[in-house]
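Shared chain: chain A. Partners: chain B in the first complex, chain C in the second.
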Partner chain A sequence: MMSTKAELICGALRDFNILPSKMDLLITRYMKLQDHRVSLNGNVEYTSEAESVDALFRSVYGYYNIDYPKFFKMDNLCKLAFLSAEILLQDTDFLQKYPGEQIGIILENASSSLEYDRKHQESIRDRNQYFPSPSVFVYTIPNIMVAEIAIRHKVKGENTVFISEQFDPELIYHYVSELFRNQRVSCCLSGWIECYGDHYQSFLFIIEQEDKIKRFKGLQEYVILNTLNMEELYKGKSI
Partner chain B sequence: MVDVFVGASNAITSLGFSTARHVEQIKANQIGISIYPGGDLYPTPVPLSLVDNRQLLDLFREYLYKTKPDLQLDSFTRSEMLHILSIADVLKSSGVDIIDSRTLIILSTLKGNMDLIEGNKRLPAIEPERVYLWKWGEFLGSFFNASNKPFVVSNACISGALAILIGSRLIKAGRYDHVIAAGGDILTEFAVSGFQSFQSLSPKPCKPFDTARDGLSLGEGCGTIVLSRDHSLCGIPEKIIVAGGCCTNDAHHISGPLRTGESFYVAIRTALREASLDPLDIDYISAHGTGTDYYDETEAKALSWAGLERVPLNSFKGYFGHTLGAAGLIESALAIASMRNNELYRSAGFENPGTSQPINILTDHAVKEVNHCLKTASGFGGCNAAIVFKKI
Partner chain C sequence: MIEDLILKLKKEIIEELNVENITPEEVDADAPIFGEEGLGLDSIDALELVVLLDKNYGIKIQASKEGPKIFRSVKTIAEYILEHQKK
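Take a look at the complex of A and B:
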């Protein structure tokens, strides 16, 4: 099912005001953290001058007044996932509408946990200086970023990390749609969380079902979930 | 409603290179875990289950010679050899065409080419990019000329179970007609030292659910299962479907289970509901059962909570250890073999009940009609999974 650009209803295109059809899945909120900028629903909220990825993540943490000491134990991939979820959910009741079992987290990235894989490998390189550490090893699987979001926001439903070369909206579209159809989720956090060395990029969004939203809030801002719209939001320069 | 049939399968571990060989070895009570002397995998001796390297190279050389004689053995990693042999075995016995545009390969792994992470190894014929899981997947897909780029799932120790679940869901959604769910992990010092640092390895072969259990044993392996909406292409005469499945998260701790077993229980309950089965309908459970204190205790609680405490159960990990990204696939392949043969297999390593909730662990092989089977899995990151297989 191909879609037209007119179906993308958000930001500047909001005036098109095409109502979604019954049971459509909608992106009800989305954020991006890339190029040292944080944006929420297409509006830039924060720009940082930080000189390193570590400093950038610390500055975002500070800007949003987050108080979560466990943050400082995380590897950068988890920090990025955690911050992205904070930016998306802080001071909102998006998830509170749903039982934790009905909320899913389906994420993608390219480098898996390679940064900490190398760090763990480095710790066992030399048998005379052999220091494998559980606090490093635990971050050598990418779904720990799912766990960090799940713990913070009490998300207990379907959870999967897919590894793809680039953001793959088609995979998300088909898989998440099936999770909704099968009533496995009523709400899903989904997107792209990539972090390796100096390169990082996050694009995280909330997916809800049209009939559920009507019950809880007006239909002012939404984007129909389809491959093209996800691609638009992901690539959008201004957003 | 589309039924998703499970079909031909393959398992590669220390016990052999096919599912049938595993069944033979298990029936003969062969244990593939043995003490590996201190050396290249860890400074001190450690029990491991490793795939026989010489046999792997021989089989792969023979396969390559027959199918792609222009390619050199040294342009493949150990993980790639395992996966190619495993997938090829399944293609041989099923009618599913891997190059069909309606066929998808789903790969499950924790680390793929774990040995390339070292980076300092000189492997001139292997692109360093194959350390990336997507590239590893792409390489395997293009080896078989698959039309679709393989999906790669990396979700800790439930990855293999998820590959089956995701495959069956995508077929149900009408997106694909056939899925080759394959996955596995090799063992290098990376994993051995990591699990040792967690103090989760037993000094002896693991004893799932036993009172004397004191940790897991790591195993190397690869597994593949065919899923299709067309039973005639599955390659097995029995009609066995993926009747239900669910994946949950504890939302509790990054490296330990929620000890009440609640989220694990929710996964099991939901999978049973989707399959429209009551707990008493389940004939057999292929449990995750790693042999670690907390995880086995949690699983026993979850199973008991779900009303499954009387259902005969085993963990295959006592035979060939915890095969990480392959575990859900290899153990499902063997559970399906149980259904096909109407046989239950002893839970190796188990002698005395060691969980606070009693569960019915198989201490001997048995003959029993198995129509409904539950497969469970759980892993780091608080993830749990349950799948129900049903004979129709």
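Take a look at the complex of A and C:
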């Protein structure tokens, strides 16, 4: 059940017409990958002792028995986004419940694709050794992490990546709410996927519309989508 | 000589194109390198191979239509290198 605090906040938002009265948006599943731990719906599923980000992502890939050779060609930002989506969607029926065109992916991060932007810059700095790598260049845009998820899961709906200094739940709330209100999406993957050097953090969740949810296996409670609840989940607090 | 070049190419392709879970010895030099068979390379990998030939062997491929013939297998790449390095 939702906590009293969350209900009160949600009610207050509705009173101010911030939430539509007959259409609550719900976070129906969420995951986090940070501090070498993977958690799903608040429960830690996997902890790694890996000594590098590369090794960590490989260990997560192995732990979840993922079989997708293209994973190894991705940059770390895409690996993180890809793994997060795999963990979030594994053993669920989200992709069967909604047509691909009605599933959106709205993400945020702080460093954009800076790691590979710099790698690309290194490869073109010396005009006498000018060998830009196509497989590096392709990752010099943060939206490619959305593309990797979309290709893997045949998701074809609205998508974008916002660059923000820190996790901005208000932006997600307003943008995603608008997509639902305009019937551009029926389901949305959203959250924070940040990776630069040794620092990485993912917080990915699924948003669905209350009236579309009939049954969901394995999760007894839903979290109403609002900025406070997103902030609380992001910080690791229970709702 | 071509055997040495084929082995070198296999190592370069595995390393530079991040091909996982296969050793140079396991790569069939005659097998197609694109698609589901062989190494399963894709279009970005094809561009990467063009760069590899330029960077490591000083060979520039000017006509894109030559690509499918040159990059059919590791052996055809090796043959193309030997042919063009002689010139």
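Following the convention adopted for this analysis, the second predicted complex is superposed on the first by the 211 of 239 C-alpha atoms of A that agree within 3 Å, B and C clash if a C-alpha of one lies under 4 Å from a C-alpha of the other, contacts with A are read in each partner's own complex, and residues count from 1 in each chain.
Just so we're on the same page, contacts are C-beta pairs under 8 Å (C-beta built on N, C-alpha and C of every residue); 3 or more make two chains touch, one makes a residue touch a chain.
As the structure is a computational prediction, the values presented were derived from the model and not from experiment.
Engineer: Which holds for A:156: it touches chain B only (first), chain C only (second), both, or neither?
Structural biologist: Touch status of A:156: first partner only.
Engineer: Given the touch rule stated above, what does A:184 touch, chain B (first), chain C (second), both, or neither?
Structural biologist: Only chain B is touched by A:184; chain C is not.
Engineer: Is A:44 touching anything from chain B or chain C once the two structures are fitted on A? First, second, both or neither.
Structural biologist: neither
Engineer: By the touch definition at the top of the document, which applies to A:55: first (chain B), second (chain C), both, or neither?
Structural biologist: neither
Engineer: Which partner chains sit in contact with A:140 here, chain B, chain C, both or neither? Use first/second/both/neither.
Structural biologist: first
Engineer: For A:72 in the superposed arrangement: first (chain B), second (chain C), both or neither?
Structural biologist: second
Engineer: Please name the chain, chain B or chain C, that touches the greater number of residues in chain A.
Structural biologist: Larger number of chain A residues touched: B.
Engineer: Can you list the residues of chain A that touch chain B in one structure and chain C in the other?
Structural biologist: Comparing the two interfaces on chain A, one with chain B and one with chain C, the shared residues are 132-134, 138.
Engineer: What residues on chain C touch chain A, complex-wise?
Structural biologist: 17-21, 40, 42, 44-45, 47-48, 51, 54-55
Engineer: Taking the touch rule as given, give the residues of chain A at its contact with chain C in the complex, in rising order.
Structural biologist: Residues 69-70, 72-73, 131-135, 138 of chain A touch chain C in their complex.
Engineer: Under the stated contact criterion, what part of chain A meets chain B in this complex?
Structural biologist: 100-101, 105, 110-112, 114, 117-118, 120-121, 123-125, 127, 130, 132-134, 137-138, 140-144, 146-148, 150-151, 153-165, 171, 174-175, 177-179, 181-182, 184
Engineer: For chain B, which residues are in contact with chain A within the complex?
Structural biologist: Its residues touching chain A are 43, 110-111, 117-120, 131-135, 137-138, 149, 151-156, 162, 166, 169-170, 172-173, 175, 189-190, 193-198, 246-255, 263, 266, 270, 274, 380-383.
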